[in-house]
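To start, the structure under review is shown below, and the notes come after it.
Labels run A, B, C and D following the written order; every chain starts at residue 1.
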Amino acid sequence: MDLDFTPAEQAFRAEVRDWLAAHVPSRLPSMDTREGFEAHRAWEARLADARLSVVSWPEEHGGRSASPIEWLIFEEEYWASGAPARVSQNGIFLLAPTLFTFGTPSQQAAFLGRMARAEDVWAQAWSEPEAGSDLAALSSRAVKVEGGWLLHGRKTWSSRAAFASHGFGLFRTSGSRHHGLTYVLFSLEDVAVRPIAQLDGTPGFAELLFDGVFVPDAMVLGEPGQGWKIAMATTSSERGLTLRSPGRFLATAERLVALARTADPALQDRAARCLVDAEAYRLHTFGAVKGELGATTSMGKVFWSELDLRMHALAMDLLGPCAAETPWFDGYLFSLAGPIYAGTNEIQRNIIAERVLGLPR
Amino acid sequence: MNFSFTSEQLAFAAAVREVLRDRCDPADRVSCWKELTELGFFAALAPEEAGGLGLSLIDVVPALEETGRAAMPGPVVETLVAAPYAPQGVTRVSLLVEGVALDADLADLVVDVTGPSAVPVRPEPRRALDPGRQPYGVTVAGEPERLPGSAEALLRRATVGTAAQLVGVARQLLARSVEYARTRTQFGRPIGAFQAVKHQLADVAIAVEFAAPLVHRAALSVDEQDAPRPDRDVSAAKAAAGEAASLAARTALQVHGAIGYTGELDLRFWLARTWSLGAAYGTSAEHRIRVREAVFGA
Amino acid sequence: MDLDFTPAEQAFRAEVRDWLAAHVPSRLPSMDTREGFEAHRAWEARLADARLSVVSWPEEHGGRSASPIEWLIFEEEYWASGAPARVSQNGIFLLAPTLFTFGTPSQQAAFLGRMARAEDVWAQAWSEPEAGSDLAALSSRAVKVEGGWLLHGRKTWSSRAAFASHGFGLFRTSGSRHHGLTYVLFSLEDVAVRPIAQLDGTPGFAELLFDGVFVPDAMVLGEPGQGWKIAMATTSSERGLTLRSPGRFLATAERLVALARTADPALQDRAARCLVDAEAYRLHTFGAVKGELGATTSMGKVFWSELDLRMHALAMDLLGPCAAETPWFDGYLFSLAGPIYAGTNEIQRNIIAERVLGLPR
Amino acid sequence: MNFSFTSEQLAFAAAVREVLRDRCDPADRVSCWKELTELGFFAALAPEEAGGLGLSLIDVVPALEETGRAAMPGPVVETLVAAPYAPQGVTRVSLLVEGVALDADLADLVVDVTGPSAVPVRPEPRRALDPGRQPYGVTVAGEPERLPGSAEALLRRATVGTAAQLVGVARQLLARSVEYARTRTQFGRPIGAFQAVKHQLADVAIAVEFAAPLVHRAALSVDEQDAPRPDRDVSAAKAAAGEAASLAARTALQVHGAIGYTGELDLRFWLARTWSLGAAYGTSAEHRIRVREAVFGA
């Protein structure tokens, strides 16, 4: 056991750090505005030009086959540099792992490269009005027709969907509950998109209305009816490593410490605790990259989402009424959703109790 | 010793509640202003000879809780607590604290709390935590005019009044979360049947239940001439009320899930109110420090 | 609304304070030792001589018909003076209110006065090995015979029972679950008592083994079969006002503040928070004495038990390894049981959610 | 970079576990001492030329977790970490910190950590938090003899070793609580089927899961010559491990109910161990302050 980076890892870190120092833009408008969405896409195209958009992917799709440790290094440097959040995150972190595992070569060729350059931006379409925590309750349908499928139903809380180009989600093709679901990719061009305003007024979510939207057979991922199994691989990514890398929280914690520099000891105490927790999450991740993540991703999800909330709540306490004029307030609003999305923390605690600890259902 | 509200105090609150019920629009910063003015609410603390009701702060605390419960926007507490200082006929008052005045655009009087003094100002809007409480950075644009009375008392009353509103906001967030948990179904049951949801909501109920008496004591301490430690009591009240409201808000969002986060429901007005009132006149964290310093010395 | 005590209340407070200042013994041995048990009994006899053992009871049973406010004043002074915990507390706080409501005049005459003087010490016999949180699952039986009842079964976690003279509990006379239970008083003379060592080694609990123990009809409280209803009145007392008066926690908080006088601000912060919470509990109680307590006693039980635990945990943090040599360690051990006894805090939160808030079962 | 234990490190822990399993008596303060000595455990950190295994602290961290898991009593960590300083043939070592030496009655060497120096002492028993760790107030009864090596390193190793034990204690408390919750029935169901119990135990699992890596990092920092901030890492580890163990203990008691509180079960040995180890070499609260001061300056 050691914490020593190899010379190659150190060189990679230096390259990433230097590039970011030279290229990170000053604060972009919110990605949940049309203007900000385009600014974020442009930024990600520049990242892709430097082959830094998706470092862990194979070269043929725009990556550099970086190891998990290198990916973690990239993420640490990315967030420490103050670079913008990734408008393509649902695609590159949630859909892409699934495409690599279940996609055909032609699906991979069609979608991954464009995703890496943010030419396509993908929205996730899991939840439905009556299927939130209880995802297996979903009722949107895909009906088989010649050469493809017709999609019917309503998806909601689809992040980024107000401006995105594509979506991915589960549609029922037969059966009930977990059975007979099919994983479908679709263009948003033919879908009615109703933006939903978030707390700050921007349309961070949208509702998607499918009224017999046609998608060709080539847009089905994996076998029809296998959607649940395939989706679970995706949601496990969402909870785990890929969506929330430690670098993000470590960077927030470091900024929080700076913000608390002259604060009362009681508040500094909370900041120091957050810093240690962010370090713990980082170390834990280093320990986990070797093995199977499995259900420990649920522990990570609870830990980082509650840490993120604590950090931003402390920032609100430190800033008082002026908080609204700082990015901390936007971060706070976002952190409030952490215990909800990607499986509520109540669901995660059930998973930990039942699958990790073996308590009865 | 009778630490219960009198029937007059409760009746006044009921009247305010009646006015606000179904009529208060949390998106309109002058909603129900006229109706509450007619009720004498905003002049409640002014002496009778100045056209007020001559009440003490404690008398209006239950009514203030109602304005919080309704998420009534605008400078409610400010106008109420400044009434004893303000010339008759003033409709709305904004308090200037550390260069920022909430809802200064709506006020016909801006009071610098360090005086207190009336100051003519040029307001510049700032980004708000809460669409119902719009902050303005102000430049003083004329000669301040000293108002009668104590700056200390004004600020204490504003703080306790804000704490009382926070209790009301928390109660309403709890009530709405309970209502949602009774009706929203997942996994074939109302989510309120799940023990995790029950226990989170029970914790909110406990937090509100034990914050409220601290607010009531603080109002008494502010009203009384020779209370032994009004500032400590005020800080204990603001801290506890702010924390209870903050817990109620986080729990409400957790119980509602993504929908609580959006314009689909009007829950966001109550959430935002916990932030703006929580930050006004000192955050909970700041008041916790003041309590500690009062107990142990700075 | 006011917080002003009447001249009579102030005079009562002064009398209590003066008497205690003159009479409170220095630290007694643990009441869960034979020696300490007797020392506590002797102290309570002295309290009774001054008519301060049970101030809220009527004169005929040794009290002075004090108002609830006066009782709260007594308790504040009692705990502030450093006086010992009450060895008779299960009798005077849990059984007595039930005796006043459901007891016959001759039961009241036989038991209340002796209880007030700690001539009899009563142990509570609720729990059974298979009926803890789920009290309705109890299975000990009372079988009707000529002139009385024969008790069979096993009761456990009976506080004070190692040295007490009497017990009270529920025995099944018919039916199942909440139905057909009977509230029985009994002498411990004929019961096999097996002491159970607590964490600190003293027998704070005992197991009671009933092998056909005879009790006369006069020892049944209320009607046979009405035991659940009667017991619920008692457990409501246990959770609420009578078992844990605010004065107790306020006195602990004041001592904690003294202990933290030179501590780090982060620890002082926790102490100040405890003091405010103890004051909140006191104020809440003043507000509650007028009305019906009802289910809000469950809120109080969660609040005081978790406050008590936080206070003692902070004391352990402040004292470090030396804690064992102070009464704080005994208090800590006792406080750990607070969230368990008198209905676990999980049960209390269910009650709050279902009965106060109206959430579905 | 490889933040996983090597197969040698894990094999050593497995051997310790094998020795302690079913054989370690938490009520006997020299239980399994001979067996672990034969395994080379207590001399693990001593150089090979002095008859030791020449291992680093990180190499024995998983084995130390096992001694915690078994609630092995007596001066386990002290004897282990003092081995590089102690003359060969020493069986048990007690460390003297601020006038108190744990298990001094069992030790053939008492080391004053401020030296380090060997001190002849007259021990007076003090009341214990834990029957498995008996504290003694000591009077120095002769000339201290300076030992080689750094006092700072000795104390850091004792602190991290204690933190590792706390992780093991917490793991065992969690495992036992889970086992009890699976079998204890109330209201017709195993109590582990209730969501409130599930979530409490999940929180313990999370606390332990994220405390352990901090302990592992601290061991690496103590082993390394030029670690950037060993003291901060040591304090973060002790604080987090102590808090995780404390949460595990409180939850274990809550899940077990009254029976956990008594001599009916042997759970009390693990509970008491969280108190004695939690207090040794600085409480969690104290180490939190040290971390804060390291981050922000004192």
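Note that a residue touches a chain if its C-beta (ideal position, glycine included) is under 8 Å from a C-beta of that chain, and two chains touch if they have at least 3 such contacts.
The chain list, named the UniProt way, goes like this: A, B, C, D = Alkylation response protein AidB-like acyl-CoA dehydrogenase.
Everything numeric in this text was worked out from a predicted model, so none of it was measured.
Contact with subunit B and subunit D alike is made by A, C. Chain pairs B-C and A-B differ in how many C-beta pairs they share in contact, with the greater number at B-C. Note: centroid distance subunit A to subunit D, computed from Cα atoms, is 39 Å.
A straight line joining the Cα centres of subunit A and subunit B is 37 Å long. Note on chain placement: the centre of subunit A and the centre of subunit C lie 53 Å apart, centres being C-alpha means.
The multi-chain contact residues of subunit A, meaning those touching 2 or more other chains, are 264-266, 269, 346, 349. Touching two or more other chains at once are residues 194-197, 199, 288-289, 292 of subunit D.
If the chains shown are joined wherever they touch, the resulting network links each chain directly to all the rest.
Subunit B meets subunit A in the complex at residues 100, 126-129, 135, 185-187, 191, 194, 196-197, 246, 250, 253-254, 257-259, 261-264, 268, 271-272, 275-276, 279-280, 282-286, 288-289, 292. Remark: subunit C residues 127, 130-134, 137, 156-157, 196-199, 201, 205, 264, 266-267, 309, 313, 316-318, 320-325, 329, 336-337, 339-341, 344-346, 349 touch subunit D in the complex. Listed in rising order, the residues of subunit B touching subunit D in the complex are 194-196, 199. Subunit A meets subunit C in the complex at residues 264-266, 269. The touching residues of subunit B, counted against subunit C in their complex, run 1-6, 9, 58, 174, 178, 181-182, 189-190, 192-193, 195, 197-199, 201-203, 205-206, 209-211, 213-214, 216-217, 220, 236, 239-240, 288-289, 291-292, 295-296.
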